[in-house]
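Same chain, two partners: subunit A is paired with subunit B first, then with subunit C.
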Partner chain A sequence: MDKLAEYLQIPFVQHALIAGVLIALCSSLLGVTLVLKRFSFIGDGLSHVAFGIMAIAAVLRLSNDMLLVMPLTILCAVLLLRTGQNTKIKGDAAIAMISVGALAFGYLLMNIFSTSGNLSGDVCSTLFGSTSILTISKKEVLVCIILSIVVVVSFILFYNKIFAVTFDEGFARASGVKAGLYNLIIAVITAVIIVLAMNLVGSLLISALIIFPALSAMRLFKSFKSVTICSAVLSLICALVGILISILTGTPVGSTIVATDAAGFLICWIVGEGLGAKK
Partner chain B sequence: MGARSREWKSGMEREWSPIIDGFEGKEKTMKKINNRVHHGNKSIALLCAFAAFSLAACGDSDGGVTMGARTQNSTATVNDLLQAGLEEQQKTSISTPDPTSTPTPTPAPVEDGGWPSEPDKPDENAVLSTTEGIDIDLTILSSTMVYAEVYDMMSVPENYLGKIVKMEGQYSYMADESKGVEYHACIIKDATACCSQGLEFVPNNPEACPVLGESVTVVGTFDIYFEDDYGYITLRNAQVL
Partner chain C sequence: MSLITVKNLSVGYEGKAVEEDISFEVGKGDYLCIVGENGSGKSTLMKTLLNLVESISGEILFGDGLKKNEIGYLPQQTQVQRDFPASVTEIVMSGFQARCGWRPFYTKEEKQEALAHMERLAILPLKDRCYRELSGGQQQRVLLARALCATQKLILLDEPVSGLDPKVTIEMYELIRELNKSGTTVIMITHDIEAALRYASHILHFGNRIFFGTREEYMESDEGSFFLQRMEVRKNG
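For the complex of A and B:
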């Protein structure tokens, strides 16, 4: 515990905890909606898109790749979520296509126009987020805080509409809800979270942040509100525990957080089964 | 944004690898680093101010605990905190270095680009010979924390100037025959072992260096130097343990 207390006073550990908790909170909020809309895998697809765009930014030697990554990822998110319903290429196929395409394209670019002496290290760090969260700067933490506030406020403001669009989009349209607009908002928020979460767990593991807390909460609760709140709490706890275990034991941050999320799901599943048996 | 690190290989070939981009010229580099501390414009004035800062951070003579930038910024490293409890003991256990003693000559592999010369610093061997005088002990941190700490050193090197650093890693060595310069480094890997960062050091006892690829433990004073228009970080007065 003494060691932990000492670690907690190091600035970059504090930055990591702040950013990690905020990212976990945002991803869990939207996770419930995405899981219910059968878009669980969109996190993976968009993160791969972000990886590809980051490769382009690296080739272009942009000092702040966020300026390129964020808008293009938002654009892809909008396209994926909009075209998911009524196009020739259906949602899952479109996500899979863009996902692998962007991943391959990004790696190809990084290889051909390599700007770093440690390509494999860069790729590994981006894909698995081994230590990224511990190396973010104050400025990045600030960006993370601002974007997280925007995401949480948007979710609270549009909670009822998101709820309506999530469960029955057709009914929502019929009752006058601008489903297209709220789908767009969901897409934008998703993209923002994905770009932020790449720092925490890397692009290959982002889906875990979105899926696990939501599914864990669904083992315990049934209403949308309860599941959302439980999901947020679980996600916060798992991210916090994961980061702390990682810095104490020296394991990779991203995979440790995901392992903690998986353990959380297992516990919730057992508890949920137990509660179900009692009833 | 930060200092560069050479890409260390276990051979004689020398390569250059920027850990963080943004260094395009020596003056620009110095200005960037100095601006973080003093927010000034004139590089000469900044250099003097930074030199004074660097000297002030190179250890007080009676305690053996160096005054690092982190301490000045009211933030603490792990080892700052570990050392806090030991500080009182140090004051009684470590003798004050003799101010009349001649500083140990420091092998300088490269000419500095403007940082204060070593003889102006107090004799640090007294500090280096004791583990109590270490500000940042990377050997007691987890691999994740070591990598993050080294990354931080490269990102904001001005925060570490003059700190006594202890590190452990894989020994690497390079020689630039055209300049007649030798470089020693300690390679530190991250938790996934896919990323590694090399921290250069200037050994006082090069004969104690192990063979290439073997584990090495080094204690030295954190410093920055400039070469070929780029800033590099190094541990000066390094003792290979």
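For the complex of A and C:
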């Protein structure tokens, strides 16, 4: 405990905690929608795309890769959503193609143009997040805070609309709701979240951060609102616990958080079954 | 002017017509029943009216100041995922989305109105229940309440009684009749010709040819008298 208190005094630990908790909060918000709309594959595909774009940014030696990664990922989100809607099977294949392609392309680029001696370390940290969250700078924390506020505020403002298009898009469209527009907004928010979360857990594990809290909450609650709130709280707690464990034991941050999320899911599942059995 | 005027409309998917040359009119306060065999294009027509499916040719005119977001809809099947967490109130309230525009939250009046609709459809006691744990008939009523939240002017119902037991079916029909009496224009797809003949003011029949006319005209037409005869035979035999 003393050790923990001591660690909490250190600025970079504080930064990591703030950033980690905010990112976890944001990524859990849209989880329910993405899982229910069968959009979780978009999250997965996007994270690979973001990896590819990051590789390009690294090759171009951009000092601020956010400026390149963010708009391009948003663009891809919109494109993926379009293809995913038009023709179902082809859309699936297109997403698989783009995401795997981006992954391979990104690795290839890093391999050819890499200047650092520790290539596999670099790749590993982009894929799994490694410990980069602990080296996060004050400026990055600020960016993180601003983006999180934007995400949370837009989620709250569009909450009812997101519910309407998630529950029954046909009805929403029929009664004159601009479903296409709201799908677009969902895609853009997803892209922002993914780019944000790249820092925390790396591109391979992002889906876990988005999906686990939602699935856990769905075990326990039965209205959209309670599931959303529960998954946000769960995600917060898991991120906090995960980061603290990783600081204390020296395990990689990303995978520790995801492991905590998985443990959370297990607990919720057991509790959910127990509640169900009692009825 | 009529609420909806359809002229020589062809409906179908990807340029291939399912049903061609449909013409009819729906006036304010009408109760139109659409009948016809499975796969004859009834749902497709309804989706075309709702702009969910593109029309192939012909015209749909909305009159009487009817706006796009003043149409309520009860789909034939709602593919709600098995594990979708949503309470009855949340679903009913989502019907207001159309009139919300950019407004992010629902107003107090809207909440009251939603409760009133739930009361009317006798689902008020279910308001905090999870939608997927309701029976088919209860679910159908929840979706009808949502349609009513969307509008009171015009509702389109695609087989509202499929899967309901005889008692609930009659209740549902009576409900729809009451709605119609209180001024809501109704367009309903049904396979129950007896009900169509009992409740509708107009009938659109998809068969070898397309029939459109009032109920009385229908009973005298070839299509209608065919069913009337069969009903007679059943009653007498």
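Following the convention adopted for this analysis, the second predicted complex is superposed on the first by the 275 of 279 C-alpha atoms of A that agree within 3 Å, B and C clash if a C-alpha of one lies under 4 Å from a C-alpha of the other, contacts with A are read in each partner's own complex, and residues count from 1 in each chain.
Keep this in mind: a residue touches a chain if its C-beta (ideal position, glycine included) is under 8 Å from a C-beta of that chain, and two chains touch if they have at least 3 such contacts.
Since the structure is predicted, the reported quantities are computational estimates derived from the model, not experimental observations.
If you put the two complexes together on subunit A, you find that subunit B and subunit C both fit without a clash. Seen from the Cα centre of subunit A, subunit B and subunit C lie 170° apart once the structures are superposed, a value rounded to the nearest 10.
In the superposition on chain A, A:246 makes contact with subunit B only, not with subunit C. Looking at the shared chain after the overlay, A:174 reaches subunit C, while subunit B stays out of its contact range. By the touch criterion defined above, A:11 reaches subunit B but does not reach subunit C. Here's the short version: in the overlay, subunit B gets within 37 Å of subunit C at its closest Cα pair. The residues of subunit A shared by its contacts with subunit B and with subunit C come to none at all.
Only residues 6-7, 9-13, 16, 61, 63, 115-118, 120-122, 124-125, 128, 130-131, 134-135, 137, 246-253 of subunit A touch subunit B when the two sit together in their complex. Those residues of subunit A that touch subunit C in the complex are listed here as 32, 36, 156-161, 163-164, 167-168, 170-177, 218, 221-227.
Contact residues of subunit B toward subunit A in the complex are 7, 15-18, 21-22, 70, 75-78, 81-82, 142-149, 151-152, 155, 190-192, 194-196.
The touching residues of subunit C, counted against subunit A in their complex, run 47, 50-52, 67-73, 75, 78, 80-81, 83-87, 90-91, 93-95, 97-98, 100, 104-106, 128, 130, 133, 146, 150-151, 156.
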